Amino acid sequence: MAALEISGLRKRFGGVEALAGVDLSVTRDAILGIVGPNGSGKTTLFNVITGVFRPAAGRIVWEGHDIAGHPTHAIARRGLVRTFQQAMSFPALTVAENVGIAWARRRMAAPWAGPDAILDFMGLSEQSAEPAGRLPFGLLRRLGLAVALATAPRLLLLDEPGAGLNEAETAELGELILQLPGRDIGVCLIDHDMALMARLCQRLVVLDFGTKIAEGPTRAVLEDPTVIDVYLGHRP
Amino acid sequence: MRQAFAAAALAAALSAFGASGGHAEDVIKIGVVAAESGSFVSAGNTIPAAERLATKEINDAGGVKIGGKTYKIQLEVRDDRTSIDTAIAAARELVNDVGVQAIFGTESHDFSIAMTKITGPAKVLQFTGNSTLGQFLTKEAVARGGANHYVFQTEPQEFQRSGSTAKGVLALLTPLMAQPPKHSVVFVANDVAGRYLSSHYVRALEANGQKVDLVYYPPDTQDFTALLTRIKGMKPDIVHFWYNGDETLVAHPQAVQLDVAPAYFLFGVDPGVWRERKLTSGAPLTLSCVPMCWGAPPTKAAAAYFDRYFGMGATKGVQSSVSLLYYDYLHWYVKALEAVGRLDDPDAVVDWLLKSKYQGVVSAAPLVFNDRHQVTFATEVCLVKPNTSGQFKCAVEEPPAAPPPGDPGN
Amino acid sequence: MSGRVSGRVASAAFLLLLVALPWISPSYRFLSIAISTGTVAITLYGLAVLFGQAGLMSVGHAALMGVGAYSAAILALRLGIGFWGALPCAMLTAALAAGLIGLPSLRVSGHHFVIITYAFCTLLTIVLTNGGDATGGASGLDLDPVGRLFGVNFDSVRNYYLLVLAALLAAMLATDLIARSGYGRTLRAIRENEALARAVGINTALHKLGAFMLSGAFAGLAGVLQAYYLRHISPGLYGGLPSLYIAMSVMLGGARVLYGPLAGAVIVNFLPEVLSIDPVDSRMAYGAGLVLVILLLPGGVIASLADLGAWAAALARRTAGRWTQLAQGR
Amino acid sequence: MDAAAMAILLQQLVNSLAISAIIIMIGIGITLVFGLTGIINFAQGELLMLGGVATWLLVGRAGVNFFAALVAAAVIVGAVGFLLERSIFRFTLRRPMNGFIISLGLSVFLQHFVIRFWNSYQKSIPDPVGGVWQVGSIRIAAVRVMVVAVTAAAVGFTFFAISRSRHGLALRAAVADQDTARLMGIPVARYVTAVFVYGSALAGLGGALMIALFPITPFVGQDVVVGGFAVALIGGLGNVAGAVVAGLILGFADGLSAGYGLPEWTEAYSFALMILILLVRPQGLLGGTEGPAIV
């Protein structure tokens, strides 16, 4: 049974139907990627799942509980945690404190001994005493992920983890993400970097105008003509 | 080593503003706590001004003769800066550090009551001019051993002041009105003084045959038109504005613009201010002041007093006559000290004051304290000649002997 | 001595000085002003938790002192509960009232909800004034003295000063413990980035409300101490203007430094009174002072002094180091 | 509802119009400044008081004609607004909360600055218009008609400037999104200054109108500013139309509650209304911004 079962999810902003009845199931053993052109509803999907917006209709069942409309912090406490498109941190607090705050909130057993272990894993140990606000962008991105990991999530929703990173940084981050399922942390990923998605994701879902237009193993979905159409615009 | 060093350094610094040094020759220290800054300054600064005048007169006349020695009055004035914390600190300093025999003040109800908690236990006599003090000067409280045995209210019991004022207003206005006034509306600020005064004044008007409505306005109101229009709807014969002169001078012009009533009474507005600001009124209008008006003093003694008072440099303000609530009582207190002949027996001084009479400026009849440490004197009401700024016809009505029905008489 | 230890010794000496004050200078005026300053300082520490840690501004804390003071006065009047019994109840009611003020801050995300805290003061003053016998109406309520406890007579100004000082030190300690605790870190996280705090599982609404109620409890304590010292309270004490000065004092002193609120209370309440500076001049001074402090020393006076101290100490060490190098002929 | 009661009701409505005028003048200033900068200017009340005191000095001491003094007061307080923005507020644009705290200090400083030089007693000027208009049984002082007229003119001009003129368009764009506006070449900083100057000038005008109606003290700014915030918040911060509508609502709420409700609770009604609206519709009746998005 998939850890996260979404059925008939709808969300409207004024006249725009951001989500028009999306069905999705996410397991924790295989990394799932979600792609789609800008404005296809990807981030809205994450926002609705994690309680930032209330869904107009539809069910979100996480490990057997319907969490549609629950507050964000309650959902996070149940192990369903997300990161943000723009790199977010607690600027005045030190890197160690940033991770420590999330660590204090964790409910489940974590695959790490403590915050320091997470910092080592994310390669942020030297900066642990620095205020997060002073980190360069690349490290700030990593801190975002480290903070999410510190809450001992069972499923991690990564919102464009690679945004704004150069080639090398994206590759390094990709390597770290690949190790997560091995540590019993499910991953669901949104990004535009097709190369990164191809390398990380076993399965892909394609969204367009708030509806799911394709789903399946990564290789197959990428070669699906309708998906190419959506991305490259309709062939004459 | 550290403690000694810290202690010495601090002691040197603090002695600068600790107890003030004693004088060589014999003095009697008298305290004054009043607002010389902050929003109550217009009422507050009249108290030290009155006591400085009285002190100068006593010392020039040879001081106070007690037990064969002559003492000079040393006035210790403290500004309460219109804040209760400062008033308390000043009272503590005067009672405990300076060691005053008596304290005159303060201009506001809360500060004065809080001060009685300090002067009482220390047996320091306190003379206060807030009529709202009446609620706290019960027979038990002022009896020997009671909490307020050393407190004296230098304003008449409110039912007396309201009684003489009501009679004066009606007597002066009725002849000028088309038909005798039947319906009065009292328009007063919704604060401690406003609620207390109006509760007595309404009874006094009813005792004089008026049907009375009471309307409160929030303190610091500026636009009175809505409330005045409501009063106009009640079709009053007379509108009585109470008690803060400044606010009344804002509200009255708006009432005239709305033609709210055929006649008006403005409590707390001195004819002197009316003349100075060249105000006029078409409708019949009466003014009254606490306790007498410096713009139209009823007696030669009062006129002479105000000349000396303003001569000392006091400002001519709406509340200058409040000084009369304090001036006579320093003279009276000094006489009590001379009669008792000792400086260390406050109880004897209290007993003498209760038994004695004193012919002061504030009242044509000699002042006397009743069994609740309150004085009795009449209030002056002046009629403004219509459409003039400087012509007044003033009268002083004797206060009623007993409180009217429904008036607790405190 | 390293910065840390010398800091500890200096603050210990300073606190010792505060305790010894009544014996050094028995002037009642000085002690009375110190008591008034002390009670306000306790409220400032409550506001320091609210603004310093949680980043929530309130221009309504005099009203919360009023809630504490009136609770104590009404409990004494109606149920005859004395000072010691009223203390916890008053702190609780003030905390609940603070929760009430804090509610809008949860719905209104911008900081313009702070106007509601100012409006709350005026509303409270009107309710107390029109409260009739229950609240003593406009003339206010009287309070009996604290009396004796374990043989200590708290009616003496000196003992009352020590009582207020004890409460102030407790407030300072509590603020310091909160700041160092996990709870304090969580509040700072909410201040820094509320969205991220929610995303990692922090119930930000609950914590913000908690911070309000905590600061309300401090204000309630201060309200009771002030009421029992003045022995007569009235609605005018707790309106908008006093709240304005409370907010300004904590900003002047610095909301995130241990001695910040105390410095603010001394600058705004203590010095102008003790030095008898004309109130108009003193208010002009700290009005303009606040503008300068926020522009030039954002952390508040004490934080800047601390920075200055640290900078001076570092400078001293560097020059000392250089001297030893020169001395050794390098 | 007999004729007399109807006359009283009409009189109350006319009274409320004048009450709203002053609150609207200060409300527009607050809402404009907040809309663009997110700064809550608590010293807006003192700016109004300065306008009144300036008029008192010009008319009372220098014998200037009231209407000349009215314009001069607006210009003087506008200049003060310019100075304050250039020297202080422009440094707090990134952290509007600092702007608010600074305005607390500023309000105390300005109050006591005026007290230091011109004491704290009441200041008044002779009624500049004089006379009372009588329409049926409704009486309204001519000076109040003048106040309402001048306010209507100022509101009209503000609307025209914001909705019709090129600058108005640029200002609305900046309020909507500062960064995008900058990208489109709009000198946002200059509009911030313009908004402070214009808001201050309006407050100066409001002060001059107030002293025409009744005497003022240096503390009047404190009483008026809360009404101004109520108007700005209820209307929706940054929304000028909202400020005008809210000003009328509050003016009539004050007038009618004093006229027909319990007089002791008059002030409580408008505060309760403000808190209620903020809880139910935090963005205000007509929808305002929550201040610029501060990243």
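Letters A, B, C and D name the chains as they come in the text, with residue numbers starting at 1 for each one.
The definition used in the following text is that a residue touches a chain if its C-beta (ideal position, glycine included) is under 8 Å from a C-beta of that chain, and two chains touch if they have at least 3 such contacts.
Treat the numbers as computed from the prediction; the structure is a model and nothing was measured.
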Per the touch definition, the chains contacting both chain A and chain D are C
When every step has to jump to a touching chain, what is the lowest number of steps that links chain A to chain C? 1
Most centrally placed chain, judged by C-alpha centres: C
Based on CA centres, what chain would you say lies at the far end from chain D? A
Of the pairs C-D and B-D, which shows more C-beta pairs in contact? C-D
Whole-Å separation of chain centres (CA-atom averages), chain C against chain D: 33
Using mean CA coordinates as chain centres, what's the gap between chain B and chain D in Å? 39
Distance from the mean Cα position of chain B to that of chain A, given in whole angstrom: 75
Taking each chain's centre as the mean of its CA atoms, chain B sits from chain C at a distance in Å of 37
In chain D, what residues contact two or more other chains? 264, 267
Would you please write down the residue numbers of chain B that are in contact with two or more other chains? 190, 218
Hunt down the residues of chain C that sit against at least two other chains at once, touch-wise. 126, 129-130, 280
Please give all chain pairs that are in touch with each other. A-C, B-C, B-D, C-D
Given the complex, residues on chain C that touch chain D span 57, 59, 103-104, 107-116, 118-120, 122-123, 126-127, 129-130, 240-241, 244-245, 247-248, 251, 280-281, 283-284, 286-291, 294-295, 298
For chain A, which residues are in contact with chain C within the complex? 50, 52, 71-74, 76-77, 81-84, 88-93, 97, 100-102, 104-107, 147-148, 150-151
Write out the stretch or stretches of chain D touching chain C in their complex. 34, 38, 40, 88, 91-92, 96-98, 100-102, 104-113, 115-116, 222, 226, 229-230, 233, 237, 264-265, 267-268, 271-272, 274-275, 278-279, 282, 290-291
Would you pull the chain D residues touching chain B in the complex into a rising list? 4-5, 8, 11-12, 15-16, 18-19, 120-122, 127, 132, 139-141, 210, 213-216, 219-220, 223, 254-256, 258-260, 263-264, 266-267
Chain A partner, complex, touching residues on chain C are 182, 185-186, 188-189, 192-193, 195-204
